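As structure tokens, the structure follows; a few thoughts come after it.
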Amino acid sequence: MLINFTPWWAVSGVASLSWGETKRGTVSTERVVDVELRWGDSDAFAHVNNVVFFRLLEEARARVIPTDGPGSTILSGGLVVAEQQLKYTAPLHYRTAPIQVGMSVDHIGGSSFRLACRVFDSTSGDVYAEGFVSLVAYDFTLGSPRKLSDDERSWLTA
Amino acid sequence: MLINFTPWWAVSGVASLSWGETKRGTVSTERVVDVELRWGDSDAFAHVNNVVFFRLLEEARARVIPTDGPGSTILSGGLVVAEQQLKYTAPLHYRTAPIQVGMSVDHIGGSSFRLACRVFDSTSGDVYAEGFVSLVAYDFTLGSPRKLSDDERSWLTA
Amino acid sequence: MLINFTPWWAVSGVASLSWGETKRGTVSTERVVDVELRWGDSDAFAHVNNVVFFRLLEEARARVIPTDGPGSTILSGGLVVAEQQLKYTAPLHYRTAPIQVGMSVDHIGGSSFRLACRVFDSTSGDVYAEGFVSLVAYDFTLGSPRKLSDDERSWLTA
Amino acid sequence: MLINFTPWWAVSGVASLSWGETKRGTVSTERVVDVELRWGDSDAFAHVNNVVFFRLLEEARARVIPTDGPGSTILSGGLVVAEQQLKYTAPLHYRTAPIQVGMSVDHIGGSSFRLACRVFDSTSGDVYAEGFVSLVAYDFTLGSPRKLSDDERSWLTA
């Protein structure tokens, strides 16, 4: 599947994907997804491990980007994580109730976009971590970043 | 063990741990640790998954911070990850030879320090990811950040 | 928390926990729990990795054993996994709909019990894996297996 | 890569892969592989989690089966895990020194073989877990189990 893979970062024209402070809600509204924790997410300190938070973000993306209809080519057309950051703001303990992951596009370029993210509890308002993930639309067959289509840009900025 | 846990971020006096661009080697020399990959680190794209890179950083810290002698209280005295970031610069595939994780302190505060990190191949020089991890020395018994001791500062700046 | 830990297997009186073929539903009815998959559960073959199935079983146990009221001391009183087995019967692919984990006690001893387990789709009836997990009630403070109480036995055989 | 995937268990002629008690060293000698633990392998009980042991077995297989020369088609020709079991015999704690995984073929069929496995410390002789993994040689292109070649049988029984 990745036979012709050429890394996006080897292709000119994709500049740095860090654009300063995240600004939740500036380009799109925030989409919020329920993600379930697992008991096994906890480390020896009995907290959800810091690494796992990035797994929660990944899972939230897998659940928010549509697999059919408008916006569905964002993932199916090829997408790679270019950069990500999290600041941990409260310890999170295992519970059976899902936590919430909020994502809002706060920057969109020709071939890339950035999601301002937070892991939080929508009932209490407690925020456990916040940061961003920068993603590049990438054509694995051609081996280069691909332009975001009008349909994709429309979905990303809604 | 965490009965009296109070998050460091709820305690005044610990400012933001993002201090702009990382500057490898400005406070300490770079320590380089071998970390072994696992076949299971790869995701459905047959690359080492982006989340796993933070696991590699965690493992490198577990292996570089001493468990005896000078500097050993850094970990045994309590340490929490406050913030971390990675920029992915090349795809990494499973191999049996270990990869290298380089860590150098590029900022040190009263109770915290930041490690400029990179995941790379010391033979080829290829860099797969680079970024930073900010850590806070934390007294879990007292439930507050703790001052880095002279011994700890000495180890961190060597 | 595990300061006085003494392994159950070092204590006489706990015999082998393999009791031949599993017999779903012989001691208790089958309890079925929804567990969500994660995109990151897939390995380089784009299937949910064989190792992850044991994580799904663990999560199902964490969700089926009560944290309050009858049966709640099963977990809070100390419980360790002694042995487990799975036979994989169909490939499982990531999907956003939860899969189901069925568990029924098919053996109960003085300090231990065995769960016949299956990972399946309750709608289609497809079974992805089946096997068992043997667990030992263990008093971590005393450092020895503990007798299952009448309340616990009652919950386990319901 | 798995476009034509048809599960081996749907194909007649592959019988049950449980052949009673494992007998280490009956078909092949035991091959022993070093595998490194990760701090993150520990769960909230501060032990290497039971699920992770299967990851250690997977990693040991990835490191013992050759990628070039005799036996190398075992993995490259397609291989799936059909069944696996572990009995946990001692708690394992994180350490920087690698643990050892021993594997010896104790049954070999036309298209499948079973590895008697143990996770142990070769210095102290302590055994943390033992069990087996049954594997099926599988041609993903044809979508069916494939016969083990003479070269493969020779490697497996050495």
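Letters A, B, C and D mark the chains in the order given here, with residues in each chain numbered from 1 onward.
Just so it is clear, contacts are C-beta pairs under 8 Å (C-beta built on N, C-alpha and C of every residue); 3 or more make two chains touch, one makes a residue touch a chain.
Keep in mind that this is a model prediction, so the values were computed, not measured.
Enquirer: Using the contact definition stated above, find the chains touching both subunit A and subunit C.
Expert: Touching subunit A as well as subunit C, we find B, D.
Enquirer: Looking only at C-beta pairs that count as contacts, which pair of chains has more of them, B-D or B-C?
Expert: Higher C-beta contact count between the two pairs: B-D.
Enquirer: Averaging over Cα atoms per chain, report the distance between subunit A and subunit B in Å.
Expert: 22
Enquirer: Using the average of all C-alpha atoms in each chain as its centre, how far is it in Å between subunit B and subunit C?
Expert: Distance between chain centres: 35 Å.
Enquirer: In whole angstrom, what separates the CA-based centres of subunit B and subunit D?
Expert: Computed value for the inter-centroid distance: 33 Å.
Enquirer: Could you pull out the residues of subunit A that touch at least 2 other chains?
Expert: In subunit A, residues 1, 39-40, 46, 51, 55, 58, 94 touch at least two other chains, as defined above.
Enquirer: Under the definition above, what is the set of subunit D residues touching subunit A in their complex?
Expert: Residues of subunit D touching subunit A: 1, 39-40, 42-44, 46, 49, 51, 94.
Enquirer: Which residues, counting only subunit A, touch subunit C once they are in their complex?
Expert: The touching residues are 35-36, 38-40, 55, 58-59, 62-63, 94, 96.
Enquirer: Flag every residue of subunit A that touches subunit B in the complex, lowest number first.
Expert: It is residues 1-2, 5, 7, 9, 17-18, 45-47, 50-51, 54-55, 58, 80-91, 131 of subunit A that touch subunit B.
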